[in-house]
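What follows is a set of structures for review.
Common to both upcoming complexes is subunit A, partnered first by subunit B, then by subunit C.
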Partner chain A sequence: MRSQLDRTEKLLIVGLPILIALGFILPEWIVNYIQVSLGTGLVALGVMIQMRAGLVSFGQGLYFCIGGYAAGMAGKFLGISDIFLLLACGLIASVTIAFAAGFLLRRYREIFFAMLSLALSMILFGLLSKLEMLGSTDGFNLPSATYLGWAPEGDTAKHALYVATCIPTIICAFLLNRYLRSPMGYIGEALRENEIRLEYLGTSAHRAVHIKYVIAAGVSGIGGVLWALALGHVDPEMTNWTTSGQFVFISILSGTGNIVAPLFGTFILEIVRVYAVELSPNTWQMILGTLMLLTIIFLPRGLWSLIQEKKHAKKSGGEK
Partner chain B sequence: MFLLLVGMLFAMFISSTEKSRKKLFIIFSMKTTYSEEELIMQNNTQVLSKRTSIWLAILAVSSVAATFSTQAVADDKEVKLGIVTFLSGGAAGPFGIPARNAAELMVESINAGTVPAPYSAKGLAGAMVTPIYVDEASKQKVADYKKLVQKDSVDAIVGYISSGSCKAIAPVAEEEKKLTVLFDCGTPQIFEDIVTEPKYVFRTAAHATMDNVAAAKYVLDTHPDAKSIAGINQNYAWGQDSWRDFSASMAVLKTDVTTTTEQFPKIYAGQYGSEISALLTKKSDIVHSSFWGGDMEALVIQGGGRSLFKRSQVVLTAGETAIEGLGAQMPDGTIIGARGPNGPLAPDNALNDWFQKAYSDRYGSSPTYPSYHMAQAILGVKAAMDKAGSTDQEAVIAALKGSTFESPSGTVSMALSDGHQAIQETAYGTYKFDKETGKSTLVNIKRYAANCVNPPEGTKSIDWIKSGFKGADCK
Partner chain C sequence: MSTILETVNLERTFGAVVAASNINIKISAGEILGVIGSNGAGKTTFVNMVTGYLKPSSGKILYRGEDITGKPTRDITRLGICRSFQIPQLFLELPVIDNIIIALTIAKEVKPSLLKPAITPEIVDEAMEILKRFEVAQYAESEVGVLAQGIRKLVDIAMATVNNPDLLFLDEPTSGVSAEEKIQIMDVLMAALKTTKTAVLFIEHDMEIVEKYAPRVAAFYEGTILADGPTGEVLDDPKVREFVIGTEFHRKVEENQVGGSV
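Up next, the complex of A and B:
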């Protein structure tokens, strides 16, 4: 059964060409918002898969930032601008650091996990703000991306980067969906429900958390590279707690029901913000806040539950 | 926008069941009444969430409608200015809001034609100005910028306070080919490292090097026997750059000056007890600080209480924004800068008299340097558009490049970086609180000519300082 494609995966496969086609049809400013949303959406995905296991990471910005800075530093100091190498740099850097930090974090749950992950991300924020070599709080700019020696310019470059953002994002979402449906993924849900029983069944909860943490960090790192390339600039704000909080906000707003939810959620939030700023430049935060309150009150399982709740009703028992 | 909605709908359709498909259909057809059968299908909570979904759908539809309605046909006698400053966050109070206020005032006065000569003609080259305000406190600054250019089709963008924003925006502005006037950010890197051959990016305020070179000169003019300096600056780009420029300038101007201590507390720390102790024990002749906003007020109040200002001569390079609010709490004798000849350091001219009065009548407080910088940027655009006689971008750029224009803080010349970076004279003063009138004043004001405190064309700021100010003309 598991080798078959489930509905989400079909959606992702169909969605990719549509997403790429949209990049050529829609006005560029919207495409730009889609592009940055895919980058941050990946990080929200990282938060979401941890939420599935009952772990709220309040410091996911750490790996978002590590990804962005790894790509930026590879460009600045080593002169690398090939997108595949930059993605590899971001992925390796974030996975390595997550692997090390995981030994500490896997021992904590709930608020302690949240606070410790937050603390780690703020340590990096403090460090980067002090480093004059890396532009301190002003950050520094990234080179334009090249693709295996091909260096497009002008509109071609914009489209190429957009396509190069869509493909890794969809691949990551696809793989994460596979992961969540695998035994390893289901251990996450068991972890949230009853950790002691899980241990009695013969699995290490620590190991499961560690793996989940590293996977989440890897996706966030890739998200960081893609976002930084779209922006052309990185600064320590990427690992500030407000950024991390936004990822949690997106995950709550969109719901943890489906892997596609955070990607959509990010974009919807971005568009709502744009119009909120246009509507009232001085108090746009109030509109966003009201929206979040309403979502929490009326849709406690996120925007995605608009689509999903019927499915549960039908399959009485909620088994997938 | 519409296509996008269709795409989203399509995606939702695929991954939804029969029932939710029906529901989605209801949502998007905006049906407000339900058939008996539909109602039976729902239990209470679902009806509630259906209402919610309708509510959300209305929101979505209205936002789509907003897209189309804002794309109204542009009047050919209208010119759109995108104005980006901090409207929220820590920098909004001391910088962002005074700048936005100045922008509002300038736009209204320009449209009404009430600005004194040489700006008394209505509008920009006859076209009425429509401002679009955007909050700089956003994580997607570049996407917001592109939205201004492409969706709102602005004719020019005036904005950006944070140097980080300017660094990110400058290359994008060149890519988008849109006239962008940076009005306040200080880092000299913009044209020295990031956009070395600018065409569309301008900066109408002098960069931060001028502030600290002039501070060093003022210190030595008023305290020629100073032997030691110390610094307390926020540990981020602005603080580090300010201290680097100031200490390098002092080292060049007076070779026997020693640096006793460099304090770098973190930004928004609010408590400077240990740093003040360190400064007190070192007993330096001069203490330099580029603090701003709430941090500076905290430093003044905490340092004032512990006689830091009595023991050392304190220089506050961005002190001007707080003097009106602090009043008697700011110790007399403190050296105050305003990032240019702004506020109480502004020269005596008709434009400045008008600006001071119009601003304080309207907002109940005197304009501070971010207000001056904003007014300067908008007047620069006006001067260029009036001179070009049109709002056509190419003509405006040609007119602005290398131009010289008047502002409330005196004459501004776009002399550096191939005519894209402004220089102007600057001034420093010493604080004096007038107990009788309750007014904050600056006395012993010294002015420094533009060519004396700015590097010549083609020289990087820090190289220029280290070369001993080669080419400076301090007559």
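Up next, the complex of A and C:
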């Protein structure tokens, strides 16, 4: 039987054990950054799949926050600490809300889609900032994760959480890659270019947007849960416009050419931020801004385009 | 031949402007019908109404006896009524073959899959067959945006035919291409459509094309059908000559006839 796995899927399958092994080899501070990056990377993936359809979400923090808060509230009010249940809570909450909001958002495109998504995220920001029950602007802490009754402690807990972050992230990336290769994924690409033609081919552009929006929300919700567990804390900043802007930044920096790109892009951004703060504690944002500017000018298709160009050059070289 | 499409007193108004009025037309299976008329005569409005892009203000559209008035475009496409556009509606940044593959995957799946790969060797072969039929296979890997208008027109029509429609509307299939290319394009697309039993309604301004390819013609004028019948009769109709095609065309035809007899 012919393998239906493409190169990205093979890379993800091979990459998972390597990623897990790195958690035991690399210094703790880098492992922490990788772990946090995987959580936010999933949200960037959500932004990226929407961007491929020409939809820029300036409010993806909404589902990042919903995922994190759903897990946090399940722990705080229901005493749930099992990671599988927490992931399920985050996923169900984000998908349910996205499904409802999708009926509104699927009718809008371009700046209107961007601003509406931002508006929804800022409504939640305002709400959470005022809710004393959920810690207002300070947020609240999450319990340590348990795994089907197993409650590791110390370094074992750190490693277990790291592994438990890597596995869902890679599974989500794999499934998203499958989605982008599927007929529905192709319809998403077509959506960016010509909705009239899509309707005349016999499919609903609104439905395609809705599905994409819900999928993006689902992965962002899972990202929110993993990020919240890694930090052990949630607060309304998760849905602030600056957080959402960061996800757009990552997608532009990394490019939309491959599902792996935003995962790398998030890690690169985290590392650049660390060094930028160290180099210039008061004006580190300027360094990030310059990076963004240079990316847009010299690499409009993001860092991934460097790899794509190399691949094309190799291919055309081989053809000669 | 059985009637597949019938419109009854179809009307569309935009405020005080009557874009189409009292449109009564019947199209039979496998028939080829040319539609002529000056700009603003209501030809495209008629196509837009039948294909669900515009809702008629009044009247009925019957497709195989079923009332399809006001149905969404995608439902009408699924019933077997497809169209191409005056300005080709394509996915410009994608290669030609991807355009056809997208059309094929949508045609094959009412609810497209989320996890099954869209590109399979079978679907690529099928897409290539379609491109060969329309003689554009050599452009399969080219991005549509860089292609000439004539090629785009053929790709646009090829996309409209992937689900083997019963009725195909071609909105000015030769507009924006050179005079030499016009006949070439029409020959290619008529040969491609010959293998199917698709009824074709094409809107055209070039009377030579209409005479050559359409056995029946409907002439539109100010939102109504001025004449409908065999091509020769309609083109000779004094009202059609006065209001739709003008005397220029007839002088040209007569000159050609004189030239031919010498």
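Observations on the structure shown:
To be clear about the criterion, the second predicted complex is superposed on the first by the 306 of 320 C-alpha atoms of A that agree within 3 Å, B and C clash if a C-alpha of one lies under 4 Å from a C-alpha of the other, contacts with A are read in each partner's own complex, and residues count from 1 in each chain.
Keep in mind that, in the parts below, contacts are C-beta pairs under 8 Å (C-beta built on N, C-alpha and C of every residue); 3 or more make two chains touch, one makes a residue touch a chain.
The shown structure was predicted, so the numbers you read here are calculated from the model rather than taken from an experiment.
With subunit A as the common reference, subunit B sits beside subunit C without any clash.
In the superposition on chain A, contact is made by A:P183 with subunit C only, not with subunit B.
When subunit B and subunit C are set side by side, the one touching more residues of subunit A is B.
The three-chain arrangement built by superposing both structures on chain A places subunit B and subunit C 140° apart around the Cα centre of subunit A, to the nearest 10. Of the two partner chains placed by the overlay, only subunit B lies in contact with A:F298; subunit C stays clear of it.
The minimum CA-CA separation between subunit B and subunit C in the overlaid arrangement is 19 Å, rounded to the whole angstrom. Subunit A meets subunit C in the complex at residues 4, 6, 175, 178-179, 181-187, 189-190, 192-194, 196-204, 211. By the touch criterion given at the top, residues 51, 72-74, 77-78, 82-83, 89-94, 98, 101-103, 105-107, 109, 112-119, 159-160, 162-163 of subunit C touch subunit A in their complex.
Those residues of subunit A that touch subunit B in the shared complex are 7-8, 10-11, 14-15, 18, 22, 25-30, 32-33, 36, 40, 126, 129-130, 132, 135-141, 230-233, 235, 237, 243, 246, 258, 260, 264, 270-275, 277-279, 281-282, 284-285, 294, 298-299, 303, 305-311, 313-314.
Touching subunit A in their complex are the following residues of subunit B: 1, 3-4, 7-8, 10-12, 14-17, 19-20, 23-24, 46, 48-49, 52-53, 55-56, 63, 66, 70, 87-88, 132-135, 138-144, 146-147, 149-151, 162-164, 167-168, 171-172, 187, 189, 194, 235-238, 240, 264, 266-267.
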